[in-house]
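Same chain, two partners: subunit A is paired with subunit B first, then with subunit C.
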Partner chain A sequence: MKNKVFTGLIMFVVVVLLAVGFYTTNTFAKDKIVVGMARPLSGPMATIGDSAFKPIYDTWTDEVNAQGGIYVKEYGKKLPIELLIYDDKGDLGTMTRLTEKLIVKDKVDFLWPSCGTAFVFAQAPIANKHGYVLITAEGGATHVKDMLPSLPYVFVSLSFSDWYQIPVLAELLGEKGAKTAYITFRADLFGIEYSGVAGIEFPKHGIEIIGLNSVPPETKDFAPIIKKAKASGADVFCAFGYPDLVLPATGTSMALDYNPKAWIGGPAVNFGFYHTTFGPAAEGVLGFTTFACSQSKAAQTLCDKLYKGKPEEINDWWGHPLYWAGLECWKQAIEKAGTLDQKVIREVLATEKFNTVLGPTWFENGLMAKECHTGEIGQWQKGIFEVVGPTKNATAKFVYPKSIWPAPPKK
Partner chain B sequence: MDITTLKSKKSLIWWTVIFTIFILLIFLPFYTQGYAVVLLISILVYVILTLSWVMFSGSTGYMSLAPAAFFGVGIYTSALIGKVFPFPITVLVGGMASFILAILVGALTLRLKGIYFAIFTFGLVMLIAYSLLFFEIQVTGTRGRFVIVMDYNTIYFYMLGIFMLLLLTTYLIKNSKYGLALRSIGQEEDAAAHTGVNVVGVKVMTFAISAFFMGAVGSVMATKLTYIDPFIAFSTTYSFMPVAMAIFGGTGSLYGPIIGAAILTYLEEILITKFAEVYMLIFGAILVAAILYLPDGLVGFIQKIWRRLMERNHVDT
Partner chain C sequence: MITTFLDIVISGLLMGGIYALIAVGLSLQYGVARVLNISHGEFIMIGAFGTYILYKTAGVNPILTLAICGPVLFLIGFFLYKTLFKILLAFSDSAEIFEGKSLLASFGLLFIIQNIAILIWGADIKSYSFLNIGVDLGGALFPANRMVTLLFAVVISMTFYLFLAFTRMGKAIRAAAQNPRIAGLMGVNINQVLALCFGFGALMASFAGGLLSMCYPITTTMGMEYTVIAIIVVVLGGLDSIVGSFIGGFLLGIVGSIVTYIEPGLALVAYYAIFIILLLVRPTGILGK
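Up next, the complex of A and B:
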């Protein structure tokens, strides 16, 4: 009997020691939050990655760490953020492999997003499979809405075509009396989607699409397209593609003196480099946006943090505030949850509202609610990319028709 | 001990080593952490592509840049029928689709030689990618497709199965009259034709067999990518990397391409995770150095050193 009691006692002590040891190593030893990312540090996507989400996560992480980190009740202290970043080379296969490495081998506490819509599509199922919360950055498409019900751990921050840019654009143009539109689009996921949504939304506001041109990725000469658009006499010209389409299409429109009443392009017009490239000639050009500095005190503070004393080229009026708000939601969700448990944090993200640079912010069926967007359509006016739609968020009135391109400087 | 006994003893040792490696690979998912399997999948993809490339190009000397075309056909097959058919059928169809494509392309183009063939095969990758893009935009109204998601152990076992089958096929070809005909084409095509070798037939069939394995591995790889579009599926990386890996490892032996692909894939893994900012610089420098200083590949270099050591020992005794 004595032996049995003695053995039982020893076993109890061992179990307690193991439990304490386990608890100690897992609860009190935590001194940082490790966030893993597979990002395009090299390759064709690097330029987009460097100007879109990178300035945000760099600035935001520095700011949070300067304040001591994120308070996690479970550990009773603030934990600083440590970033673990791998180069996916802009290759989808490498990105999926590195995402697995971050989760399975490095066992990072959290995952931040890869760069690009196709990459978001590929990364989301992996994050969801492992039960990792993923708030996406550069990427969004109508297709993502179909995916989200099966991906409860995925939250999309960026606005996109029918969420809720093109409906706002169509309404703005319709109100001003635009009757016809000519659309050129890059034959990629972005271009196909935006032209498709425009095909649905424009006719709702009495705008007939009288020309539709798909542009293969290798096309560099836009003169034939601009000539056709000019010959069509359309009120609105849309260039739905990345900077490699929008910038030369703008230049060609100027060269061929093509002056439609509205000229919209993106993503490119929303970047500061569009303005530095075309200067005053950018006046009146429309693009996609989220905010302007003058919109609120919070917006002005964010502008100062991100852009003050830096070259105008890095400004991104569409993505930056949304990515920033996404990170703010993530931080507040951790603080509200009081734990690093992904499941609990996911619940908080899916059900609660957060205070961000955009004001009250929340996710609706995995998408950042469109009511949180502080702008959809922007227009260059006197060197500022003003919000012109929706009207309730406007920082300036929509100018229609736009002024004609200035004459080229005389030699 | 006579030379025949020595050879059979050496052969027995080799087979024992290979058998042990395969046993270890089969049981690997049961005794390692999850990520080792993920990494091995990537290594196996490039090993299969490289070995398949060497099966045709290494033997005949024809520089094919079509691996991405056959690999991409496999990927798209998986995206198109993967949700409808059982997965083994999908893999088989992916392989067969590439096989048939290679027969058609080979019959049309394997009369071309040198740079013309290389450029044509590269053009084939672009042609298929853009044709698919056109089809997707005009007919389906989209650009990309989602692929069924499978667990990594299943993907790994499919890859391992394809690799074993490929190794066996390569071994059988190499040690047959067919392999002899193939090598004779590589050394002197006209002479091979004069000795009665059906030069075009052998070339086309080998091109198609190698394409079968590229297509099959593409079908499996698609499930790991989860989302694809024409430019992801037909990425030219899958054409150039097998060539670089084969050159790095050496094309003269069966295990040269395997070692080349395994080392370069692992090296890439180390560089992009540990030296992300200078990955391309280091990787490029290593490739340039390998081409300049290892003309027979890594395996050829090791064999050369081994022979010198043996010769020195022989002289000493």
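Up next, the complex of A and C:
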């Protein structure tokens, strides 16, 4: 009998020790937060990924880790961030497989976003299905808004066409008396969406669209389009497409002496490489933006962190501050939640406000609230991409009509 | 009406000049050296980046950079053939087997070159503004940088044609293109000629890249797009015809210009339509035998 009691006691102690050991291993032995990403490290999308979210997550992670990491109350200490990044080669199928692998096999603690609007569409349902919080970066579209009610774990940081760029652009142009617009757009989801929203917003402010051209991504010769736009005599020329459209369209406009009162293009005009390409000739060109360094102390600090002492080419005045703010929200949500539990963190992200480089920041139905945007429309003025709209956030007055290109044609 | 016609034709020639230059290099590499060089676009990319870097960092005139980047790329191409492709040739029992092996090897080269370029130059877009001014021709304005590109494309292609037609080495290259075995029996150093052809192909790609960078933004991943164009033009012109590639390039440029004038979205459709029609009507290409 004594032996049985003794054996039972030993077994009880062993079970208790095992249970405590298991608990402590999981609770106290956690020494890092592993964040997984499927990113285009090579392939055609690498061009966008390298200049958009990558410099942000690199700088931000280094800064947070230099401070010891993120404090998680559940573990009673700061946990540094470790990035596990796979190359999706810019391939949608590869990205979805790698995202599943990161969640199911690697069991990463968190997921950070892939690159591109189409990729957001593909990755968001996967993250949501597995209950992983996903704050997206390079990608945003009107259609994403329709998806978000069914994707409670997904939060979109980037501003986009009707959130709230084109309405602000239309208002600015309307106030200055613009009457007509010629739109050329890339024949893809992005171009169709931006031209479509312009088709709704421009007429509200008395601007008639008198020309509309879609161009396939492989288009090289923009002269016929620019000549048509010039012949139309439109006050405003819009080039809604990526840099492979906007850069040659700008060069061709200069060469063909096409000087509309407003010239807007994007995404491309918002990058530093646009200015380094065209120099002073970029004066007056409009694009999409979020902030300018002079806007606030926080903005200046971020500018210094990201751009000081680095080539101007890497600057991105539209996406960078929003991605940075997204990561700040994520960190603060973890700290507020005090746990790495995705469900709790999602709840915090969906309901609370955070202090970021943009000021008070919050998500509204999964979108970073438009009230948090510190700018929508920018204009190159004396080498600085100033915020000109909305007026309440402007760092400079909107110049309309823009000055003519400085290189007159030789005849 | 005449201005519009001139506008369309000259626009087509401007585009066609670039296409021709891209294709002549590939035509040499495939037509003579029998290497369907899928990495041809990567050589274009290196030429473009060479020009960009020399212009941006050292302020070298982009046109002058052609004289620097071209010979470098020629040497790289020459030694690539002398090493990689010569070994493949030695271990191939027939021309067909060599073509298959060299195709796969050039696929590998594509990824190696592209990834090295990404490591060195990053994957972001590079661009500069050069001669962004207009030139008035018959009442129609054209970008000066593209006029320069056309001029150089024509000059380079014509010079190369004269080299092939009138020099001893050119005749050896043509002989090797027609029948490498017989040319070898006639005293032509075939391995040397084939390596030269591959080198000249890389040289042409470098010129094309340098000229392209004056007009369009460049990235380290731009190569494949131009390889596809080069293959279309080479097939259009005739696989073994350098002159055919030249004509094919201009034909494609002019058709593209006409279609772009009507509806820009249909330009690529028109390219492939011509490609398919030609394959059905004349499978050997415009000047192919």
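The rule is short, and it goes like this: the second predicted complex is superposed on the first by the 391 of 411 C-alpha atoms of A that agree within 3 Å, B and C clash if a C-alpha of one lies under 4 Å from a C-alpha of the other, contacts with A are read in each partner's own complex, and residues count from 1 in each chain.
Here is the rule we go by: a contact is a pair of C-beta atoms (placed from the backbone, for glycine too) under 8 Å apart; a residue touches a chain by one contact, two chains touch by 3 or more.
Just so it is clear, the model here is predicted, and its values are computed rather than measured.
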item: Touched partner set for A:Lys129, first subunit B, second subunit C, both or neither; value: first
item: First, second, both or neither for A:Met254, with subunit B first and subunit C second; value: second
item: First, second, both or neither for A:Lys89, with subunit B first and subunit C second; value: first
item: Subunit B versus subunit C as contact partner of A:Ser42, first or second or both or neither; value: both
item: Dominant contact partner of subunit A by residue count, subunit C or subunit B; value: C
item: Touched partner set for A:Pro216, first subunit B, second subunit C, both or neither; value: both
item: Touching partner for A:Ala187 - first (subunit B), second (subunit C), both, neither; value: both
item: Residues of subunit A at both interfaces, subunit B in one complex, subunit C in the other; value: 41-42, 187, 214, 216
item: Subunit A residues within the subunit C interface of the complex; value: 40-44, 46-47, 49-51, 187, 213-216, 218-221, 223-225, 227, 243-244, 247-248, 251-252, 254-257, 271, 273, 276-279, 281, 313-314, 407-411
item: Parts of subunit C lying in touch with subunit A, wherever the complex brings them together; value: 7-8, 11, 14-15, 18, 114-115, 118, 122-129, 132-136, 141-145, 215-217, 219-221, 225, 256-257, 260-261, 264-265, 267-268
item: For the subunit B and subunit A complex, residues of the former touching the latter; value: 33-35, 38-39, 41-42, 45, 130, 133, 137, 141-144, 146, 149, 152, 221, 224-229, 231-232, 235, 237, 272-273, 276-277, 279-280
item: Residue ranges of subunit A touching subunit B (in the complex, touch as defined); value: 41-42, 85-89, 91-94, 96-98, 100-101, 104-105, 118, 121-122, 125-126, 129, 143, 147, 187-189, 192, 196, 214, 216-217
